[in-house]
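Heads up, the thing below is written out as structure tokens.
Letters A, B, C and D mark the chains in the order given here, with residues in each chain numbered from 1 onward.
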Amino acid sequence: MMCEMIKGRIASDRLWSLQRQGQIGTIAPIDGQEATTVGSTWALDPAVDWVIPQYRESLALGRFGPDVLDRFAAWALGHPEGGHLPDPIRVFPPQISLATQILHAVGLAWSLKLRGIAGAVLVFFGDGSSSEGDFYEAGNLAGVLEVPVIFLCSNNGWAISTPTSRQTAAASFAAKAEAFGIPGVTVDGMDPIAVHEVVSAARDRAVTGKGATLIEAVNYRLNAHTTADDPTRYVPAGELEAAKERDPLVTFRRQLEARGLWDRDRQADAERAGAAAIDNAWNWATALPLEQTALFDHVFAAPTQRQRRQRTDLAAYLGVER
Amino acid sequence: MSPEPARSTNPASTADPTMTMVSAINDTLRAEMARDERVMVFGEDVALSGGVFRATEGLLEQFGEDRVVDMPLAEAAILGAAAGLAAGGMVPVPEIQFLGFSYQAMHQLAGQIARFRYRTWGRFEMPITIRTPFGGGVRTPELHSDSLEGQLTNIAGLKVVTPATAADAKGLLTEAIRDPDPVVFLEPLRGYRGVKGPVPRGEYRVPFGKARWATAGNDVTIIAWSYQVEVALRAARSLAEQGVEAGVLDLRTLVPLDVEQIVEAVERTGRVVVVEEAVPTGGFAAEIIATINEHAFWSLEAPPVRVSGYDTPYPVGQLEDTYVPDARRIEHAVLALLEVQP
Amino acid sequence: MMCEMIKGRIASDRLWSLQRQGQIGTIAPIDGQEATTVGSTWALDPAVDWVIPQYRESLALGRFGPDVLDRFAAWALGHPEGGHLPDPIRVFPPQISLATQILHAVGLAWSLKLRGIAGAVLVFFGDGSSSEGDFYEAGNLAGVLEVPVIFLCSNNGWAISTPTSRQTAAASFAAKAEAFGIPGVTVDGMDPIAVHEVVSAARDRAVTGKGATLIEAVNYRLNAHTTADDPTRYVPAGELEAAKERDPLVTFRRQLEARGLWDRDRQADAERAGAAAIDNAWNWATALPLEQTALFDHVFAAPTQRQRRQRTDLAAYLGVER
Amino acid sequence: MSPEPARSTNPASTADPTMTMVSAINDTLRAEMARDERVMVFGEDVALSGGVFRATEGLLEQFGEDRVVDMPLAEAAILGAAAGLAAGGMVPVPEIQFLGFSYQAMHQLAGQIARFRYRTWGRFEMPITIRTPFGGGVRTPELHSDSLEGQLTNIAGLKVVTPATAADAKGLLTEAIRDPDPVVFLEPLRGYRGVKGPVPRGEYRVPFGKARWATAGNDVTIIAWSYQVEVALRAARSLAEQGVEAGVLDLRTLVPLDVEQIVEAVERTGRVVVVEEAVPTGGFAAEIIATINEHAFWSLEAPPVRVSGYDTPYPVGQLEDTYVPDARRIEHAVLALLEVQP
């Protein structure tokens, strides 16, 4: 897990600087949410379980294979292949329309139940997304249908500039499980072991037909919301510094070192591997070809006559083969 | 009320059983669920009660509670779950109890279902058929009668299907359920029991994008869809008595659109009236007129005319009959159009 | 309260038979929900408080004056004046797009708070409506803003043919208050006194700046969902009979009689008054004039040029004055 | 980039301060809030951070947390609360962070706000101005760039306002906030900083329904709105170099629509190109063409043409420049149109 957490941070930093160089568009860094993302996905079985991320997690979903990062690089580059995670990778692309993915997760989990597949669906969403009607409708539906879904609220304290105190007056995000008749748990989202534990337990419930669980993983956004954001405008002085004390890359490393499971060499190797991973992803993604007429691909299984005409006209206008 | 077989391209023959549109829909759901066990029906009140219009009656008994499901009262949940089910390999046939309540789920319909194949660049297809009643004339409360084709057709990635006969309800619903892409299947409230006709036995599919001549005529072309085809036929019959041969082209599907037959009709008749129940501004009739301008402008002998609702919300019962186009208004528009001299 | 409850039932029955005679469209009867509707509104001050109903309550909102029933009769007749409750009646027309009214209530309550008006907003919604995202977004927002709103979930056991067991797995509808950080109370919705008590308490909280309350009033739908519905298709045998034992018009009457506050004369008077009320409402509503060109009134404060043209054309077509 | 004052009806003179569109919006919000204490600004990230585009910067400091409010992340709550606030006598100016997320609130926008006056038959007015950015060209993720005018204009009861200049951003926003009816105020993403121009000092109102000649020309009329007016002006300049006098008509507001000036333009030039960034099928350009057919058919010397996006969802960054109309495509369409011989 440590290696993947390091990879996530390094990949995030790399994309950040690529954005600064104007090579990609806006990007949401993962700083502070590595333990939540990695600890939870390490509790899953990629052969049967699914992950539906929001938009930060894809940087650290190595549990499901290296393609996830490759595709995320393509996504950041605005290449349509970035949204395509090849079968059988059980991972959805990043979701921008917040909280909609939580309902997709319930439907997907429902299909597993109907088809008798002993898997679970883990869906990530932020503290902010929990305010959308879709989150509540999803939780309520999962309670009624008793489907194998794990709702993971990655509470990083902020929704862009909106603090959790403006997001809800509930005792906690986990407390919202009361509204659905499912268990709700709060866990230290900076501790991958703790996250791994609660998600494993939730997965056991899920695959044994006991239904859904809501998990609130309390972490902190150690960086800006995105490359377009300036947190100094709104984050109270000192809050970030205090949170940095809990940086999972520091604390988990200390834990492992204390138990003799980690050292400077391992750290160096992990950092090299992380750099290599994002290098490969970047190289793969930048090498992807793209015809502009591909614009019409994959809207429907087969284009309508009107789309075919538009494509022909476009090809003629661009002076390319259709 | 269904077009005289002779003048119609509807392959149903009088030998076929006569059914109401709602029973044709019910039969088709039954047949498709029997044929493909991935097909699921769910929505508000579709299982235990068989649907507020009885369209899903008997399905629960036949296919069980895993495949015929009463959902909590939440449209976004119904369509959002449909997307997840589709990604998981099922063939969802959700019902939105009335089209006006699809607004509650527009972020899942327009923002997700319509784009899922595109945003995953082909990995996940959405073979979803959203059945939903719409259209006026039956004195419903707010938002039960609104016609939203103008909005739905502007959402790339959705197919919009609008049967006008019992036979087409079967043929197009069969096609919709087997189509690998999301289809909004619009069922006219007035048509459920108000439209009766012969329905072919056994498997019957009507391809998308092929309009149908509900009745032929060379003086003028009336373009309509869904229940307004019935209304247009009434107008055509009354016009026939006055010696005016009005053809009624039933579009059957708005997306994809049968541009060929529209163009052929304009070239042949030169005069067109487009009928819709919706708010005219930004409505689908405008799209048809723009399409005619693009492909058959020089054949126009007079400006194409719209017979629509008005630029107001769908009104209350006492104003409804004025709002919704009727045969007299269509006839009136046709006669005025025929007066126009180039 | 007893008189208003009786009036509500009588008015409901009258409209039911008028629908059967084909004189009005679909109508939703109030049978079984009189105590919830009357008990709660009797706790309000019509001079400052507001009521936002779903669609059953308007039959028994006499607390806010007789016009409410008059307008409801017009509404049932499909006359546009039916949606207009004249200022200063602090009542909204029936809501068909379920749960949307719960958010309107939060906004309205917010305006009271901002304007320093010591009133509260009582909003009714059904057990079914509580599944809509709007309900949760409203509860969550009210928790954050601490506005003077009372959420009254009129739980009549059914949403058309869907029982509450299919609606949610939560312990109760009141339990959903946990998700909002506001108090949640369950009360016997067949007992007007009990309802009056909890709503009075909620109103006190509201007008003293303590914020929102969620109340679940457990009653039962003693009739069909609407005139278009056939409950025998789905209501389990015996359930209705059992519920009839709790019919508030019977039980509350017994209570009052036991305390010597009610007798057959009073009952007869109340029934006469109720019949008179719906007679008056019906007569008023059926006498309302309507020009078909009124179609264009009240879309905007002033019609657009396009609407004016449409109106002129329509008037010419109908051969009437515009 | 703003039209040469000489050829423009924009009353702003070069003596006026030059501003970006976003600063003109910010100033206007400030002025209207100062003028009328019922005016409230709320939405996601509008207060503490001053908005993701800084459009509401400084308002919190000046007007306090009762009138400038960061809301929970829920669009339906933002618009549903706006309806309640309006019923309670406030003048809400909610922001939807990106137009694509109005889908989450469509049931409140189309189903409630647009009809509130109508369903209460005049009792409750909805003086709500919904500010929201839209439009392409800036490499945003999904649903940040979609143009939904075709859908919004089909909703009776909404006014749809689309400023193209900094001056109009001020004049139309002032008008919108003071208008007693709901207005969807569409702000072009590319225009926030990409559009600069003189902005009249002091109170400045631009009436709805009066289009503006961004540049005059008698050979052909290019009809556009919002940022595409800038693009059309680029095309017009390049056409001018080739001796083609293209007029660019900036509609300013889509509802209400300035039919008079559109008709006058068609009568004068006989040739029209309508530009939109949206999906063409069911888009607003189709409405304009239908309107031209209704009111100026006989003046057309060639079929009106649309330059639009395509019938696909708004694409990812690497395909965006092909999707969104640019000056070259408009120029290309104009030249082709001029080839057409009646």
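In the analysis below, a residue touches a chain if its C-beta (ideal position, glycine included) is under 8 Å from a C-beta of that chain, and two chains touch if they have at least 3 such contacts.
Note that the structure is predicted; figures quoted are calculated from it, not measured.
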Checklist entry - Relative to chain A, which chain has the most distant C-alpha mean position? => result C
Item to check | Averaged-CA centre spacing for the pair chain D and chain C, given as whole angstrom | outcome: 39
Item to check | Mean-CA-position distance for chain D and chain B (Å) | outcome: 32
Item to check | Between chain A and chain C, centroid-to-centroid distance (C-alpha), Å | outcome: 44
Checklist outcome for this item: Touching two or more other chains in chain A are residues 80, 82-83, 97, 131-134, 137, 140, 144, 166-168, 299, 304, 306
Checklist outcome for this item: Multi-partner residues in chain B (2 or more other chains touched) are 71-72, 74, 76-77, 100-101, 103-104, 107, 111, 118-119, 142-143, 156-157, 255, 257, 281, 310-313
Next on the checklist: By the document's touch definition, which label belongs to this structure's chain graph: line, ring, star, complete, or other?
Outcome noted: complete
Checklist entry - Given the complex with chain B, which residues does chain C contribute to the contact? => result 25-26, 55, 77-80, 82-83, 94, 96-98, 128-129, 131-134, 159-162, 166-168, 228-229, 233-234, 290, 292, 294-296, 299, 304, 306-307, 310, 314, 317-318
Checklist outcome for this item: Residue set of chain A touching chain B in the complex reads 80-87, 92-93, 97, 100, 102-112, 114-115, 133-134, 137-138, 140-141, 144, 297-301, 304-306
Checklist entry - Of all residues in chain B, which touch chain D in the complex? => result 100-101, 103-104, 106-107, 110-111, 114-115, 118-119, 142-143, 148-157, 255, 257, 278-279, 281-287, 289-291, 293-294, 297-298, 300, 302-306, 310-313
Item to check | chain C contact footprint on chain A (complex, rising order) | outcome: 131-137, 140, 143-144, 146, 166-171, 175-176, 178-182
Next on the checklist: For the complex, give me every residue of chain D touching chain A.
Outcome noted: 44-45, 48-50, 52, 70-77, 100-101, 103-104, 139-144, 281, 310-313, 315-320, 322-323, 329, 332
